[in-house]
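In the two complexes below, chain A is the common chain; its partner is chain B in one and chain C in the other.
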Partner chain A sequence: MPKRRKLSRGVAVVGGGLTKLGLFKDRNCKDFFAEAFAEMVGSVDKGFDPKEIDAVYIGNFSNDFFVNQAHWGPIIADLLGVVPKPVTRTEGACASSALAFREGVLAIASGLYDIVLVGGFEQMSKRTTEEVAEGLAMAASPYEVAAGYTFPGVFGAMATAYFAKYGATREDLFNVTIKSHNNAPLNPKAQFPMTIRDFMNARIDRCRKKGEPVPEWKDEKDFLRDPGANPPVAWPMHLFDCCPISDGASCLLLVAEEIARNFTDDPIYVAGLGQGSGYSLHAKKDLTTYEATKYAAKEAYEMSGLTPKDIQFSEVHDCFSIAEIVHMEDLGFFKPGEAYKAVAEGLSRLDGPMPINTSGGLKTKGHPVGATGVAQLYEVWVQLRGKAGRRQVPKPNLRIGAAHNLGGTGGTCTFTILERR
Partner chain B sequence: MEERPFNDTSYEQFLKELRIMGSKCKKCGALALPPRPICISCFGGEMEWVEFKGRGRLAAFTSITVAPPYMAKEGFGRNNPYVVGVVELDEGVKTVARIIGVDAKNPSQIKVGTPLEAEFLERGDGPEKKTILAFKP
Partner chain C sequence: MPKRRKLSRGVAVVGGGLTKLGLFKDRNCKDFFAEAFAEMVGSVDKGFDPKEIDAVYIGNFSNDFFVNQAHWGPIIADLLGVVPKPVTRTEGACASSALAFREGVLAIASGLYDIVLVGGFEQMSKRTTEEVAEGLAMAASPYEVAAGYTFPGVFGAMATAYFAKYGATREDLFNVTIKSHNNAPLNPKAQFPMTIRDFMNARIDRCRKKGEPVPEWKDEKDFLRDPGANPPVAWPMHLFDCCPISDGASCLLLVAEEIARNFTDDPIYVAGLGQGSGYSLHAKKDLTTYEATKYAAKEAYEMSGLTPKDIQFSEVHDCFSIAEIVHMEDLGFFKPGEAYKAVAEGLSRLDGPMPINTSGGLKTKGHPVGATGVAQLYEVWVQLRGKAGRRQVPKPNLRIGAAHNLGGTGGTCTFTILERR
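And then the complex of A and B:
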């Protein structure tokens, strides 16, 4: 008998919250989560009593290392006043809170719970950049680290394999960065709400004020080509190919489908979701694809009965520019070797046929790793509710959006499709 | 040699002996480097050791300018980048390794597909001594 791979019971998102992302050394994860939670409570159209929460799942990658505190379940239970309800932490590196979301969905679908809070948080600002890099490398494969790879290095290596296979160049990656930064000023929660033009002008102003020679760049690509403005990190990854270090928290309120309308007249339903695992670099059959993403996507498409053509917009994990390109292909939005051309043609712009990372992506919005998975789904939820303000996807009948989250160097990936009915 | 377990520790011990040793599944013949205790092709659990010749071609690479602390100790960093890559060995498996003998400061000139051969680098002294697998054109 073929496996059914369907949820036994429908699940809806009825509330959400996301902090402004950035570096906030004077605050901590409790502050962040309280902020996201307060927004979530206020976002539930018909109101709700937090006492009704049956269980909480929270994603956090490595506060153990970043702030020397582990065992966050009871800390969050205490913060929210949900003691003695169960709070479970999930860890999947940068996909930690997408796993929390998935566990929450499965818990409701199983019939065990009706109302579940899912979310995530991370504080990275209390460590130096070098220490953060060391902490993140804990999520890479031990073989990659032993050989001398850094996180950007693994993605850089994949980029060279992609370039060799399809004839793309570093210049093609610039289009991803420019596109994401064009969405950034439209997102009030973005860590860097600036276009590349804004960065160019800021630098020119700084040089003028300091009396230094004023740089002249023809256009955005010229700026990104300049190693003074965009220094190398791990070839071909340069500074503007890499997402920043961030603090923040996110949460969503999930409820069983049959009670969703007690909370809002506009619930957003989970149409399909999937999770996959992947090999580290040396064991990958193909260096230009993420098997974890493909598997997660296959699960989500099968569960939902949808195809890539049905997805109207998507958040795609862009920790590094090349990751966005490769994932756009692995998710089936574009054929292998075609995504970089699609980005160049503007197809993934906010006003294009397949908007990718309307939030500005991790690159500009910020990437507090444990918060990211649910932060991406928050963006999809906001868009489907038509509440994305200036970055609202300008499509009539916006009904189906998705979010793809990657953990580590591709070891854990999730894909989740949300639907407005 | 046959007494050693098929794991990462044995792989590293062999590297100290300047040998690139992986596993071969006795049931289906699948090769693995580093060695694996469980065959990921047929799930067989009986392995034998196989020595790799150390020749292959560059499948992917990066030149790292922002170095982690353990590489910075070797003197690598912003003004002295280093290259690591994925090498596809003639035997058909891949390995990740340091790439030497290429111009790390001009990574756009490094070509995927370049034929490479293994070289063993020794770092540290006494019990800290490690042998690192590298490849060069």
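And then the complex of A and C:
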């Protein structure tokens, strides 16, 4: 049976908003979404009336667990003043809002709507760290949890398998962390806008103030090697391999291609959409690859007619340092077993040939799980519009960027390609 | 701006499955979904290979709360053997799987996929009744919960407002309950396949066996009037006004219109889709109408080119007896203030001019919240195919049926019109 991978109707991104990410215990999800929404409204070059929104899709992992409130559709509808327009929640763990983006695109492509808001949010700070670990475990496979795995444990096992297969070591993971933290201070929304050297200096200052012996690290890697500075979580995942707990919200305004120029002279188009599912750890044939990511990439490349070589920069889901490396290979940016070398050579730096996580990634920008998918696409949209300021990808003719979002331990993946024409 | 309410591509239902509903503490959601899926596979007249499924959408309210497991996409993908195909969860409280149906339709209409499975599931029996009440409260508005409302309380307030506005009484609600329970024994999937007279007889038998005084009710209404038999929950909502707590799963197979006859010579087409959002109780101007239902109905009628008069029968969300009455008005089947009289006149009976809840409705069939939306559409599909057995709507040329699904206390509503050509 022939597959139709083309959308019946084109879709463009014409506005976007993202909160400053961090831990904001005294605020709530409505505050976050309102902040992202306000930025989005202001970002639409030719202006628009929010009452024109036909429908809304929101991604949220588990406000059920984190804030004891489910069914956010009508709460968001009321907040935005769009009642009785439809609002639909999607959930795919950490990929929840990438699914919202996708359903928003499909709703327009289907012919049903012209103007759709998509977004996501999560507030994790109302719970203790132990409770957050318990809540996030609901996103892992029940088999993984039954076997005693936590998220760092699963990704630790994947890292170990990768090391065994390709000869990489923990030192190679340091390069991912250092690279992401180099981008962080350039992103005003980042939860940790600090380089690794900033962390080193902060630590040294603290020791001096306390009159404690001042550590002598000869460089960033030396700092990351020090278990006092970078303690193990689940070997080989140490603290600086893991993304933080975060609060925040994100949104993007999608419109049908034929009306996009009513909103802006610089619309960014959806070129490719992909989504896949993956096995639980126990059922995977190979821990060094994600079948969900490969499938999502295949779908998106097929729809767009593009290949990995055409992607000029990408956000890649780096909940853990090893995830960024494996995904760079699964997305076709580098051959299997080659991505860690590419990172070592600086190829994924902001000024390299294939910038990865220009936003700083989940590791430094933050990871409010339900907001992340759309937050990644916000970064791609900002970059393609040339509005990323100090972290702007320094390439002439920036035209094609992508975002990869992972849910759970690999159960749900999306890959989305955006294009400036 | 002109709205495009037509889908770019037609969609047909070609298979369906629904578990027996009830409380099954020793089974789990995978068991339920597998049971519904197996029936669906067997129901496709010309057969099909489940590997042909392009994508899956599943509705679930809060397995996070009920069974401590979120992120069911990959679990269902693995269960069905469709990894790495995409599986997306939608949530809109009790309307969760109607949203899955809708997204499945849009995914096909968008041109992206040809064959999409949609379904839903919920297991509520692992929790105590008190815990279920707590979990369901997460689907109400936070303002309602803060004001001390539970679900029966909200619908009790709506009933009181309806009584005050239109002169209806509790006696009128009895007619809804009696009508639904008359359909129940005709549905082999129903959780309570009993008429009210069956309940009366069961009670009389029990009294006789225990040697207690045998109650003398002169008819069903007399039984429902007796607070010993039908105790108050939140006045005027008594026990027999409220749907039960249930477990179960449902699914439907959707395909692009142009390939529908590869699967069956009797496809049932999606004629109209509608979805709306609604205000929390405190912000509603009128408690006797649901703005979300009206909006959903408007969308579905516009898309289909049909009017309420064209709908030959309908499933209507009857989480509480008053909800069925108000929705019959909001959907345009009867004028405001007239539905309770219509029910009294028997117009909504299985053999009446406008059969409502031929399945027995949520009240008797059961309400596993995440499964309900698709379970309602399953009933419409079965009826339109003429395969409803003893509960078959006795109309010649049955061609158009509909299903209305409500989430929360009115926050999310869908209305879907199916058509046999």
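Observations
What we mean here is this: the second predicted complex is superposed on the first by the 420 of 421 C-alpha atoms of A that agree within 3 Å, B and C clash if a C-alpha of one lies under 4 Å from a C-alpha of the other, contacts with A are read in each partner's own complex, and residues count from 1 in each chain.
By definition in this document, contacts are C-beta pairs under 8 Å (C-beta built on N, C-alpha and C of every residue); 3 or more make two chains touch, one makes a residue touch a chain.
Please read these numbers as outputs of a predicted model, since none were measured by experiment.
Looking at the superposed arrangement, the partner reaching more residues of chain A, out of chain B and chain C, is C. Of the two partner chains placed around the shared chain by superposition, chain B and chain C are both touched by A:283. Of the two partner chains placed by superposition, only chain C is touched by A:68; chain B is not. When the shared chain is aligned, chain B comes close enough to touch A:158, but chain C does not. In the overlay built on the shared chain, the residue A:367 is in contact with neither chain B nor chain C. Of the two partner chains, chain C is the only one touched by A:7; chain B is not. Legend: residue contacts after superposition of the two complexes on their common chain; A:85 is shown touching chain C, with no touch to chain B.
In the superposition on chain A, A:148 makes contact with chain B only, not with chain C.
By the touch criterion stated above, A:93 is placed in contact with chain C alone, chain B being left untouched. Of the residues of chain A, those at positions 142, 280, 283 touch chain B in one of the two structures and chain C in the other. Chain contact summary for the complex, chain B toward chain A: residues 8, 33-34, 40, 59-69, 71, 78, 81-82, 84-86, 93-98, 107-108, 112-113, 132-133. Residues 1, 3-9, 52, 54-55, 61-62, 64-65, 68-71, 73-75, 77-78, 82-93, 99, 102-103, 105-107, 109-115, 138-142, 259, 273, 275-280, 283, 291-292, 294-296, 303, 407-408, 410-412 of chain C are the ones that touch chain A when the two sit in their complex.
By the touch criterion stated above, chain A contacts chain B in their complex at residues 130, 133-134, 137, 142-145, 147-150, 152-154, 156-158, 160-161, 163-164, 170, 231-237, 280-284, 287.
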